[in-house]
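There are structures below to look over.
Two complexes come next, and they have one chain in common, subunit A, joined by subunit B in the first and subunit C in the second.
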Partner chain A sequence: MSLEEQIRGYVLENYLFTDDQSALNSADSFLEKGILDSTGILEVIYFIEDEFNVKVEDDEMIPENLDSVNQIVAYIGKKQGS
Partner chain B sequence: MSVSLLNLLNSAVDNYPENIAVSHKDVSVTYIELWHKVCDLSNYLKKNGLNKGDRVSLLLENSIEYVITYYGILAAGGVVIALNTATKSRDLTRWIRHSDSKWLFVQADHPELLKINNSELNINNILVGNTDIEINNATSWDVIFKSNYQILPELEIQNDDLAAIIYTSGTTGNPKGVMLSHKNLHHNICSILEYLEITNEDSILNVLPFYYSYGNSILHTHIAVGGRIVLENNTLFPKRILKEMEDKKVTGFSGVPSTFALLMNRTKFSDFNLSKLRYMTQAGGAMAPANIDRLKNELSDVKFFVMYGQTEGTARLAYLPPDQLVIKRGSIGKAIPDIKLEVQDIDGNKCPPHVTGEICAKGDNIMLGYWKDPETTKKVICNGWLKTGDLAHYDDDEFIYIDGRSSEMIKSGAHRISPKEIEEVILELDLVSEVAVIGVQDELLGQTIKAVIVPKTDIKINKLQLLSHCKENLANYKVPKIVDFVESLPKTPSGKIKRFMLNKTKIKEYNNV
Partner chain C sequence: MSSTLTEIYTKEVIDFDKDKEVEKISNRLREILRNKLHRRGLVIAMSGGIDSSVCAALSVAALGKNKVFGMLLPEQDSSSDSSKRGDLLAKHLGIECVVHDIAPALSAIGCYEWRDEAIKKVFPEYGEGWKNKIVISGGLEGQVNHFRLVVQTPDGEMKEDRLPLKEYLQIVAATNHKQRIRKTMEYFHADRLNYAVVGTPNRLEYDQGFFVKNGDGSADVKPIAHLYKTQVYALAKHLGLPDEICSAIPTTDTYSLSQGQDEFYFSLPYQQMDMALWAHNHKIATSELAEALNIDEAHAAFVYNDIETKRRTTQYLHAKAVLIEDIAEL
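And now, the complex of A and B:
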């Protein structure tokens, strides 16, 4: 399973309560689409930290890194490559 | 002379016409601009058949349009029904129907708009924002402002005329619509202004929804004095909130306990230049003393007000002065100016110190009653006293401390949630035999929702299917976070569910697929 599929699967299962992949586009903004609330984003961060062994620094908690599946994939890639 | 929020807005327009009233993203509106739009909207409604006392629903996120619409409806003599935007169509249609609203101001991209209009409601829609959506009886927001601004004709408003209805729960049966008069709103706003000392030089970063009484009070207190409201509708990224507070040089910030917990979870107030920040307020449930201490350590010069209130009291009933925060740790303080607040025993007598009773309130801020529900009104307003349902005691100096809630309502973040409402939705699934919903302690939200479910014999329930059904019919914040499947619910001999056991005992997992 690719990184993108894993993250999309997590969001689908825990916030949209479906396994229908078409329910979420990887470019969809969590903020604009109202997919996550403020506690949801913290849970996503814990998921990223636990599953991908990445430490999300406080300064990195910004929409540019975490507001869509695509942005999270890019962020994790950047962290793991650094 | 009659009193209303319009008097307060008028005075702010006269005194500070060029002050910024509301900012949202890159757009701002001054008081004089706001007033012209309010007049346009009011004239439009009247020209199109709105009569005094007619109800008008709003289904809008916090926005400049929300503020224009709210005051425009009041100026036209209408009654504002501000609806919770997170709610799904079943409750929205119920509220619109129950209030007999003739108009609906709605975000054109609201996900429930089509469903609402397919539900045989006879309503005029005013669509805010662009969309390709095509529905009957719809007018674009921009049409309202096409004609040249016209002065508002005089409007006869009586103090006890209905100004707004706030729905506090959906549920089947009777929705609870709190009726607030012009006097209720005016009185409570003036009391709050007295102790928070808000002036035209104040500006607040507002993250709380205006459709709740807390957010509603923030809106009107600032408009009343010519202050500035900076809107931020999302707390998803705490750092962004604090940066916004720094950039906009705000003097005030208000939240519920979870707002502060979220902001402090991954960020530090002290990392930002908040030198203009004068005060913060907290209501909506008890905040952990450790979080208050942390906040005070980081922002020692900022006054921190702990407050207590209820929609039935318009918004605010009590506050703890900042200089008492340490001495009277854990207290909600005393009554706000010009209202009476008492801890009373079951016979309506004032309790002595350290004896638990019910918090009761009396004053011009107490609601007119529940819309179309005189029976429930009689149960909560007795001899002019509002019975809050909250249990509390005095200390020796008559500061009030909350001991518990006598109702089963779940308090999660900024929301008060009826367990019954969630239970009814879950029971719609054929697979479920019994269900009990409770609030369990949560570090961030205060409480989070747990559903304990008894499936029908030999039936396996798919948890995703169950939660998906909840999401379809309930606001997202009402979807249970924890779901347990059990063989039976613990009950008393008379058959009443022992809710306390659902929280405290370890429940045997059953058929959790």
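And now, the complex of A and C:
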């Protein structure tokens, strides 16, 4: 399963309660679409740290890294590559 | 401060007619008890803080001292000053007042145990004689709002670390027991006396969802939910409440280390937050707010955005249970 599929699967299952892939576009802003609130973002951070063994530093906890499937994929890729 | 915004705000919010406001609230309280709640008096838990003190005084103004039942509900993390101020207020108002230490009840349901277990995940050495609080972080720096745990060792050394989500939620869930047990006690006496329960949020707290659902958020009537906190302080003075109460600095009185509301929840101290909320409600530009508060415009924009975010994310705290279908008969 690709990173994108894993993230999508997590968001679809835990926040949208569906396996319908059309319910989420990978570029959708979680905050703007009301998919996640700030606690939801903290849950995503927990998921990323737990699942991908990535330590999200305080200064990385910004919407640019965490507000869509695409942004999370890019962020994890960057962290794992560094 | 910008003359325009500050002048309008002073005229509209600070210089309101306090006699008229007390009369309006008193009339409404009597009308609400008579026509909606059908209860004979009011129960109020007094924390020693400004909001509950003003609510108690307004209750007495509305009904007289014999129809108001006061409660002091301290627990092991309450400041002794809070109880002293509560006791002072009860004597000042001349109302019947009971003191019920809720610490044993909280211990019995595991409030402290669950909280301490979560704290120890972050600071394993935490134990007897340590103090704690949670502070909010990140929002002003453009980060996602998150929480930090601050502890003080018995020697007075302060330590701080980021609070992981699970532990944050567990600490908040455990400490929410405090507000919920208090409300259970308030309703016990309300049921016993056939009285209604007073909720004490000010406008800032009510609007921004700064309360515990089924805890301090639960009540039959909320007499000051339309008043900015600045106005509540003004009413306290106007009603002649003791100086110790009028000058009390607002804290949550929930954690063993003193925790300001602006450390945990709001992005500015209450005087500034009041103005920001009023300005946002009156569609004042961020540039004007920034000038009035002497902050930069990006900060003012963050505050407006944070107000909207909190309104959105705390809607569920205000909401009644959601039904699958409406019951047309009710």
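Convention: the second predicted complex is superposed on the first by the 82 of 82 C-alpha atoms of A that agree within 3 Å, B and C clash if a C-alpha of one lies under 4 Å from a C-alpha of the other, contacts with A are read in each partner's own complex, and residues count from 1 in each chain.
Rule of thumb we're sticking to: contacts are C-beta pairs under 8 Å (C-beta built on N, C-alpha and C of every residue); 3 or more make two chains touch, one makes a residue touch a chain.
Keep in mind that what you see is a predicted model, and the values were worked out from it rather than measured.
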| item | value |
| --- | --- |
| Clash or fit, subunit B versus subunit C on superposed subunit A | clash |
| Partner chain in contact with A:Phe17 - subunit B first, subunit C second, else both or neither | first |
| First (subunit B), second (subunit C), both or neither touched by A:Phe30 | first |
| Touched partner set for A:Ser2, first subunit B, second subunit C, both or neither | neither |
| Touching partner for A:Tyr46 - first (subunit B), second (subunit C), both, neither | second |
| Comparison of subunit B and subunit C by subunit A residues contacted | B |
| Shared subunit A surface residues [contacts with subunit B and with subunit C] | 34, 37-39, 41-42, 58-59, 61-63, 66 |
| Residues of subunit B that touch subunit A when the two form their complex | 86, 111, 234-240, 258, 262, 265-267, 413, 444-445, 464, 467-468, 470-471, 476-477, 479 |
| Residue ranges of subunit C in contact with subunit A within the complex | 137-138, 141-146, 162, 164-166, 168-169, 309, 312-313 |
| Subunit A to subunit C touching residues, read off their complex | 34, 37-39, 41-43, 45-46, 58-59, 61-63, 66 |
| Residue ranges of subunit A touching subunit B (in the complex, touch as defined) | 13, 16-19, 30-31, 34, 36-39, 41-42, 58-59, 61-63, 66-67 |
